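Listed after this line are the structures, all set down as structure tokens.
Here chain A shows up in two complexes: once beside chain B, once beside chain C.
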Partner chain A sequence: MTIIKISDLVYTYPGGSKPSIDGVSLKIEKGEFVLITGPSGCGKTSLCRTFNGLVPHFYQGELKGQVIVAGQDITSKQTSDMAKHVGLVFQNPENQLFALSVEKDVAFGLENLGMSREEMRKRVDWALNLTGIYDLRERSPHEVSGGQQQRVAIASVLAMQPEIIVLDEPTSFLDPLSAERIFEVIYKLNQEQNITVVLVEHRLDLTAKYTNHLVVMNKGKICLEGNPRDILYSEETSRIGVGIPKATLLYKKLKTAGFEVNKQTPLSSDELADQLMETLSK
Partner chain B sequence: MSVFDGLKFRKVFSPIHNLDPRIKFIYVIAIFISAILFSQILPLAILFLMQLPFVFLARVQKQWVRSLRGAAFLAGFIFIVNILTTYFYNDFNLTALNVESALAMTMRFVVLVESFSVFFLTTSPDYLGLALEQSRVPYEFAFAFTTAVRFVPVLAEEAQTIMDAQKARGLELEKGSLLKRIRNYIPILIPLIVSAIRRSLELAEAMESRAWGATKKRTNLYLLKLHKGDYILLGITALILIVTIYVRFFLPEAIPLISSFF
Partner chain C sequence: MIIIEDIHYSYASNIEALKGVSLTIKDGDFIAIMGQNGAGKTTFIKHFNGLLKPSSGTVRVNGVETTKTSVAALAKNVGFVFQNPDNQLFSETVEDEIAFALKNFGFDKETIEKRVTWALDFLSLTQYRKTSPFLLSGGERKRVALASVLAWDPETLVLDEPTIGQDHEQKEKLRQFITQLQTKNKTVVMVTHDVEFVAECNPRVILMRGGKIVADGIAKDILTNSKLLEESSIVLPQITQIFTKLSPLGLPTDIIDINEAELTILSKVKERQTQ
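Let's look at the complex of A and B:
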């Protein structure tokens, strides 16, 4: 079942001379883990913001083409209506938490929807437990670490039980270890709750292994889309300036030098290590 | 961060902190009214002493003393002005009664400062925000209040970063005349304001994405409920008001003056 369908999307910010999104068509199936990557300014952030209608409602500007998310045409729906279907997690964890306690922040969206207190309590506890921050619920968001703040942000969209969670470079403010934990949380939500995940990331080293639908954007267009093993191995990807995983790079070098390690391009160092050990022990 | 440490809010748990802020506010207003109604030193001193159990139960003695010390200058000023006016008014005569009434005026001021400081020292901002939300204040205002409190430490940290960055480029903050020193802060204020605006846009986006304004009838995760302590405080408040009004209007002669004992 297609949950996001974008056809011939062209979007220009108000006052922009050329479109930020320039003729994008994309289909995302329910339950997928989609990874979008590309150099800065390639339009991936703008694309994310169309999923819940922030583009064009919040940003104004000119939008052509069609975006259908969870059966709704975003141009005819308010962002607050789309919030039930799409949860958006932003880059800076600090600027998306407003309450004076973690728990209250997670409840924010539910309060806005006018949910009853009992139902709200249940959902808040559920979201806190899933993201592993139940013990922090009474702390102030300012007191907890960046990684924990980002988990609060994820819990707060999760509490609204959306079908889709979109994360726009959620780990760019975090250290590698916290980043890895965030990705694990996201992957768990995708696997166990069957939530469709759209992740925008530069750190492919840590994330390529989770996806089988990679989208590479450049200059407002989708230039490559499909299986990450093929895309990350291709010459075109390295020309665009995408952060190809180290394991994939090493594999490519070995292969060019004539060492046939394996048929399958590895996406993480674990995979590569397994392949190497297998080859070496032969 | 030392300059901004006072702006941070911490959660404290004590019987006083757990009281409903609405009831506490009514209590403060009652003390306020009593202090205005009495102009003799004895009842004002009693009002002053009545706050002490609050301060000790809430364990905020240190901060409380600090706030009193802050008020000391103004209190001294009130005392001196009172003494001087009566002195000149009475043809350069000063009686014990004059001194006592000047002291009473000073004491009245101290009681007012004290009661408000006890309220703010023992009420955490999230509780206050909740009380605002649940006393029919439009939610936008309550939200603006809690968000402001939430972002004070964030902006303070940012101001510090900008200050360090500008100092690293050779900006000298502490040099020159007063006017020069004020001007020195412009390169700090402008980036701070710009980043605050950018931050507010990101906040607005996050709010929109979490269904801000989806329904007119917003609900709340917490419900403020009155507990035993709140009823006790309400009782104390009523008692203070009754006694004040009775003594002030029906037994005005019964309040002894300290100077009459000498």
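Let's look at the complex of A and C:
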């Protein structure tokens, strides 16, 4: 089942001299883990903003083409209606937090859904625990560190248990181990609860292994889309300036030097290490 | 030269963020400060230009104690680029933003024009010269903040998480630029979580935990010490992860560089073929 369908989308911000999204068509199936990457300013964030209608309702500007999310045309629905279907975690968490305590921030969306107190308590605690910020629940979200704020923003979205979670560089302020844990949590939700995930990331070293649908954008367009193993191996991807995972890069270098470790391009260091172990210990 | 001796610092909420930190930063040093969230990294570097003054202990920049001078006087020597560019940007156009500090420092019009043009070009921002910084993407705003500091050419550059939101190409540019600064004997201190970037840059690495420095050494030593890194919530670089898993094959585990990795594996392959 297609859960997001974008057709011939062209979008220009108010006062913008050229479109930020310049003819994008994309289909995302329910339960997919989609990874979107590309040079900064390529239109990734703008595209994500269409998923709940922030573009065009909040940002205004001119939108042509069509975006259908969970069966709804975003231009005919309010962002608040879309919030039931789509949870968005922004790049900069400060823009997203406003309540007096971490806990209240996480509960805010649930209150709006009119959920019972008991169920809300359960959901909030679940989300706080998953993101490792249960101990911070009574602190002000503006007093905690950038990394902790990011976790609050993620917890707020997870608590809603939306059908689709869209995350725009959600762990950029987190230390590497915490970032990895957050990605694992999101991956688990995707696998176990069939939640559709759209993740925007530059750091493919950490994230390429989670996806089987990679989208590479450049200058407002989608220039490559499909299996991450093929895309990350291709010369074109390097040329655009996408940061190829080190393991993939090393595999490529070895192959160029005449040593093919395995037929399958690795996406993570674990994969390449396993391949090397097998080949070199025979 | 920045000499920090046994500094302590407490925020108003009585949380002691620095618990006795000493460090000497020589001219031309390139240092990466790493550590988990809340380790005190940002608090520490804010002492370098007097943004924060120690509760006890001393910080001396070129021999002058930071408690005895102003942030403005220190700024010309120590340029600071914050984690969140939005705390730093305020002008109506990118061009004005970059020119602002230059004007304050009293450079002449011609020099300002030259420096602004150079900084815009260097950070691929020329096309946004007349654009409001707030219309730019997160990664681009970060570059504007960096450009505005680079433009006045401080002796010491302090970068708080410079790679956040930057794509591969921009990171590579930043790395090359830092190398360039090194040849001019400039000092660069960066706080970062970006293990891969540190592995590529190969600086001196300082690891902080709980308001103290717990390790200080070359990247190759610190970034391949899995126990030390794990205690600081940092993961091994991808390349080191691979070699750690390959240790039963008798290969070295202290590799962070991809070219060294390639050569090591190829020589292992060759060794097997000749057996």
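Keep in mind that, in the parts below, the second predicted complex is superposed on the first by the 258 of 282 C-alpha atoms of A that agree within 3 Å, B and C clash if a C-alpha of one lies under 4 Å from a C-alpha of the other, contacts with A are read in each partner's own complex, and residues count from 1 in each chain.
Everything below uses one rule, namely that a residue touches a chain if its C-beta (ideal position, glycine included) is under 8 Å from a C-beta of that chain, and two chains touch if they have at least 3 such contacts.
As the structure is a computational prediction, the values presented were derived from the model and not from experiment.
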| item | value |
| --- | --- |
| Partner chain in contact with A:Asp205 - chain B first, chain C second, else both or neither | second |
| Which superposed partner A:His142 touches (first chain B, second chain C, both, neither) | first |
| Which of chain B and chain C A:Glu94 touches, first, second, both or neither | both |
| First (chain B), second (chain C), both or neither touched by A:Ser80 | first |
| Partner chain in contact with A:Pro176 - chain B first, chain C second, else both or neither | second |
| Partner chain in contact with A:Pro245 - chain B first, chain C second, else both or neither | second |
| Touching partner for A:Gly38 - first (chain B), second (chain C), both, neither | second |
| Chain B versus chain C as contact partner of A:Glu111, first or second or both or neither | first |
| Shared contact residues on chain A - chain B and chain C | 92, 94 |
| Sites on chain B touched by chain A in the complex | 9, 11, 124-126, 129, 143, 146-147, 149-150, 153-154, 199, 202-215, 217-223 |
| Chain C to chain A touching residues, read off their complex | 35-38, 83-84, 86, 135-140, 161, 164-171, 193, 195-196, 230, 232-235, 237-239, 241-242, 245-246, 248-249, 258, 261-262, 265-266, 268-269, 272 |
| Residues of chain A that touch chain B when the two form their complex | 49, 52, 54, 57-58, 78-81, 83-84, 86-88, 90, 92, 94-101, 103-104, 107-117, 120-121, 124, 138, 140-142, 156-157, 160 |
| Contacting residues of chain A [partner chain C, same complex] | 13, 15-16, 38-41, 45, 91-92, 94, 145-148, 169, 172-180, 202-203, 205, 241-247, 249-250, 253-254, 257, 259, 268-270, 272-274, 276-277, 280-281 |
